[in-house]
Each structure stands twice: as C-alpha cells, then as structure tokens.
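First chain A sits with chain B, and in the next complex the same chain sits with chain C.
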Partner chain A sequence: MHNTPQSNKWPLWFDPRHRKMGSWAFILNRITAIGLTVYLCMHLIVLSKLAMGPEAYDSFIALAKKPAVIIGEMFVIAGAIIHGLNGIRITITSFGFGVRYQKPIFIGLMVIAGAAIFLFGYKIFSEL
Partner chain B sequence: MSEPKWLVDFQILRQHPGDKPHFKIYPLEVDPEENVLDAIERIWAKKDRTLTFRHACHHSTCGVCGMRVNGVEKLTCITAIKSVTKNGGIVRVEPLRNFTVLSDLVVDMGPFFRHMGETRFNSVAPVGYASLPFEPDPTNSIPLERLVDCIECGLCISACPAATTNAEYSGPAALAAIQLMLTQNFSPDLMALADHDNGAWRCHSAFECSEVCPSNVDPAWRIMNLRRRVVAHRFKSLFKFPKQEKQHA
Partner chain C sequence: MLIRTGPKNRENFWLWFTKIAAGFLIIFLLGIHLIVNHLIVPGGLLSYRQVLAYYQIPFIPIMEVFFLIIVFTHSFIGVRSIILDLNPSKRVLSIVDVALVSVAFIFIVYGTWLVIVVYQLGRL
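So, the complex of A and B:
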C-alpha cells in the first residue's frame, strides 16, 4: 500500500509540512549538500578549461564577473556556511552531547550563518 | 454550563487492498473536549460500519491507536479535538507512515514488533535505567523497578524520514530499546545490532521521533547516546589483542 517504506520515496525527505525544527535542519542540510555537490562538479569543469588554452579560460573569467554569476557564488557561500555550521551541530549531537539543546544550538548557529552571509554579501556586492 | 458543540469535518483516508486511497468526509457534531478516537468511534458506530481502525485502552497505555492527525503523529485516544482544529474546521486522519496499510487506518505492525523482539526488550527495568539521566530520581536511590516508558505505538517510525526510504532500518523505538538494554548489561549481539548501517548509523538526526513520542522515551537522545557507546566500544576494541593460545608440545 502507498505508505510502505521504499527507496523511491526520497522526495518526502524534502517535505517540511507538519515537521519540527530538527527536520527543517535535516532538509536544509540536504538541499545545501546537493547545491555544493553541483557547484563542485561545475568548478571541476571550469578548471578543465585551463587545459584548453588562455583564451578559453579568459572568456570564462569574463563570464564569472557578471552579476548573475556573482549572485550564484553568493548562494554557494551561503550553502557552505549553513552546511558547515549545521554539520558541527550534527557532529556534536551525534556524540551524545547537547542533544536536548539541539534546537537552540541550531538557532544560534543559523544566526551566526545569517550574519556571516550578510558580511560576505556586503563585501562582494560593495566591490562590484 | 457545558461548552457548545462544534461541527467538524473528519476527512478520513480510506483504502482497502486493490483500491485507490481516497479521503472520505464525515461531518460530525463533537464536544471540543472529546478526543479524536472518540469521534472516530462514533463515525464507525453511527455513520460507516466499514471503517477499520485499532483501539483498546483509551488511556495511552496500549499504543494501538496511533494515527496521523492533520499530518502529525498522535495517539488519538489522548488527542483532544480542540487541540487540533476549531469549530467548523477539519480533522484529517491518516494511517501511520512507513508501515504497510492493511485497511483504512490499520497498519501492519509486524516488522516493527520483529525489530523490537530482536532487542530482547524487557518492559520492566530498574528505575535508574528506565528513567532518562536528566530526569529527577523519585526513589532516592531505593532499588525499585518500574515499567519502561515505551508503549510500542510506532509513532516514532512514522515521523522518521530515514524510515521513509529504508524498510530494513531498525527505527527509533528499537534503537532506544537497545540503548536501554545495553545500559543494564553489555551484550555483543545487541552492540552488533546497533553498530550496523541499518542501526544507529541510519539515523539522520532529524529528531522527529522525540517530537512525536507520547511517552517521554526521547528516542533521539537514546540513539545519540547509543552512538557514543558504539564509538567507545570500537575505540576500546582497538586496544584488545587476541589472546595467544599456549602451544602444547
């Protein structure tokens, strides 16, 4: 019947309805992980342009300076900060420390993430 | 003076083997203080005798009436209607997730009980072990035993995202049981059950099990404590060398 556990039900991992803060952190970690993995693949493809000569690489650098790409980079920075800080929380709790305080830890780390993302954004966009 | 009655639409997910699941709506006049299970029983008694659901003790001891009420796992026998809806509102009732549905709101608890059985879970334990370490000890160190908290309702499995995609996962209740048993006595086979990719390491730290647990088991805390024990056991085993057998002439 329809709600039996099955490996093809992974989209339900991303359904935040009726769930609490631990699940939001779980969803956020997966979204940022997918984003960072996609970015890593793109990064390796771009690096491979080095083997195609200076013209190919220079044309990419010109593209990378466009605002749309910089906004994309901003998402990468945000994803890395959120994923990294949330990972610290998961590591701490996975060793049995602070489990009862996982919600305040998450809130605190996300406040730090928000401040760091704002600072990075200010720095990047003020130099445009 | 008693509170005026509310008119509430109960949307119940109906499904029988071979049929497509669908919601059937039952408008019902209820006392807002009533529990959801009371309303479901009245729907069965007065509106639809084909509706199937489980119920027994009506006071959160047997653990059989677990369902999803407006998307959240609840023991319906202790869930007041006024806590989940308003006058003129909707109460959506669905079976637990991550279990095979047998009929309407009845799910197959067999795999869950098999996992619990593997843990050799004893429902009576010394107070010091049955209680969580941060709970006050009411006995003042008098050696007493008590019933452990888990009522084996399965709400934790339903809420767990890891259990959604993996039917082999032991699940929060069984892992909490292993933690409780290991706290009392070390057992290599229980440690092996915990230190397994479908054991403590399958948990993805969503902490939903503790959010929905109606019985203060705090499975998430116990799973994390279990991980610490597993890591400590692995670390200690690094320094254990196999005993050399004496050579006989």
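So, the complex of A and C:
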C-alpha cells in the first residue's frame, strides 16, 4: 500500500475527517518531528550564552524558569516522548515485527506517553 | 489502518537505516540528557557553574558531541523524509540535500566548538 500523501492534494492534508488511526499516528510523527527540529536549532543557538559568561547564561536561566517558558518546554518534552515512543513502533514494524498488532501497540505506547508527560509535568510544575 | 513502513521512494536503505539507528541512540542519550538537566537538579535547570562542573566529568563532552552528531543526523534525514512527502523534482531534491547537509554541518561544528569552550572554561 502506498503510504505517501499526494502533494497535489495538499489541502486534504488538513482535513481531519474520515482519518483512521494510522493517519493520526503519521500526522503525530510529522508534527512532533518538525517541532523538535525547530527546537533543536533554537536550543543550540541559545546555548551560545554559555560562551558569554555566567551573567548571560544565568539571566537566561532565570527567564527559562518563568511559567510561560516552562509551558513551552513541556510541549517540547511531550513532543519528544510521543515522537520517541511512536518511533519505536515504526521501527519494530519496519522490521516486520508486530505489524498485525500496530493499533494496540500504538494505543499502549500513547498511554505510556501520557503517563510520562503527566509525571514530567507534575515534577516540573510542583517545583515552581 | 496502520501499515508496515520502510524506506520511502528516493530514500535509499542506508539513509533510512541510519535514521532508525540514530533514533534509537537518541532515546538512550536523550534519557540521560533529560534526567541530568530536568530531574536531578532542583528547579530543573543547571546554573552556569553546574554546567561547567558537569562538563568536567571525563566522558560527558565526548557524549554530548556524539549526541549532537546523532541528533542532527536523525532530524535532518527526517526533514528530508518529510520533504519527500511533497514529491519534489530531482533538481529541487538536490538543492534540498545540499542545504540540509550544509546546515547540519554548520550546527555540528558550532556545537562542537561550544562543547570545547565550556569544557575549557570549567578548567580555569
């Protein structure tokens, strides 16, 4: 089965109707991938503050502890956990394992992702 | 319906395999990174002095550079896969390939330089 979206029908990419779980898993993988790549580049650029000395870096860390920034950071952590666990499913099935059980595997991994995101969020926000 | 996935059209096996292998290494390395930077330290973020001290642990600078290479390799091969969804022409794909390799190379060189600087600052 051809699993690549048709570029000439791109407006349909944003149509949430009639989508099956595989489509949502694919969309989730793509959205988290793009978000994490943008964050990765920004993260590395911001870390240049380390080369500028303690005042520059510690003032950035003070900003990073603001609730608005921490909420943004939670999106990154959630994206990383979802992308990582969904990636495990994609990898094992790519090698032919558990292909028939992809739906329960996906649901199970997303439940684990939800629990991990909750625990990270609880830990981070309880220290504010 | 969830279907079996694999290399896409115009994504050769080794490029696809590198992305998959790098992804698994990232899960391990990112686990260490998240635990050190967000769970161990109260408040979740290392101060300047704590970062410098962290980089004095012998294997950490090497691990961070390795992490940097692996994560950019995985993410930029991934970006290429997403661009392949748009069915680009051969010429556009060639330009995309050069751009992705160049940007990833610049970030890896810059990140390695930053690791060396942080390591050296910690030794002062």
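Here is the rule we use: the second predicted complex is superposed on the first by the 112 of 128 C-alpha atoms of A that agree within 3 Å, B and C clash if a C-alpha of one lies under 4 Å from a C-alpha of the other, contacts with A are read in each partner's own complex, and residues count from 1 in each chain.
Heads up, the rule we're going with is that a contact is a pair of C-beta atoms (placed from the backbone, for glycine too) under 8 Å apart; a residue touches a chain by one contact, two chains touch by 3 or more.
Note that the structure is predicted; figures quoted are calculated from it, not measured.
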Partner chain(s) touched by A:33 [first = chain B, second = chain C, both, neither]: second
A:90 touches, of chain B and chain C: first, second, both or neither? both
First (chain B), second (chain C), both or neither touched by A:19: first
Most chain A residues touched (candidates chain B, chain C): C
First (chain B), second (chain C), both or neither touched by A:48: second
Which superposed partner A:123 touches (first chain B, second chain C, both, neither): second
Touched partner set for A:99, first chain B, second chain C, both or neither: both
Shared chain A contacts, counted only where both chain B and chain C touch the same residue: 1, 3-7, 10, 20-22, 25, 90, 93-94, 96, 99, 102
Chain B - residues contacting chain A, complex: 15, 17, 21, 70-72, 95-102, 107, 134, 159, 161, 163-167, 169, 204-208, 211, 220-221, 224-225, 227-228, 231
Chain C residues within the chain A interface of the complex: 1-6, 8-9, 20, 23-24, 26-27, 30, 34, 38-39, 42-49, 51, 68, 71-72, 75-76, 78-79, 82, 84-87, 107, 110-111, 114, 117-118, 121
Chain B-touching residues of chain A, taken from the complex the two chains share: 1-10, 12-13, 17-23, 25-26, 90, 93-96, 99-100, 102
Interfacial residue positions of chain A with respect to chain C in the complex: 1, 3-7, 10, 20-22, 25, 30, 33-34, 36-37, 40-41, 44, 47-48, 50-51, 53-54, 57-58, 61, 64-65, 77, 80, 84, 87-88, 90-91, 93-94, 96, 99, 102-103, 106, 120, 123-124, 127
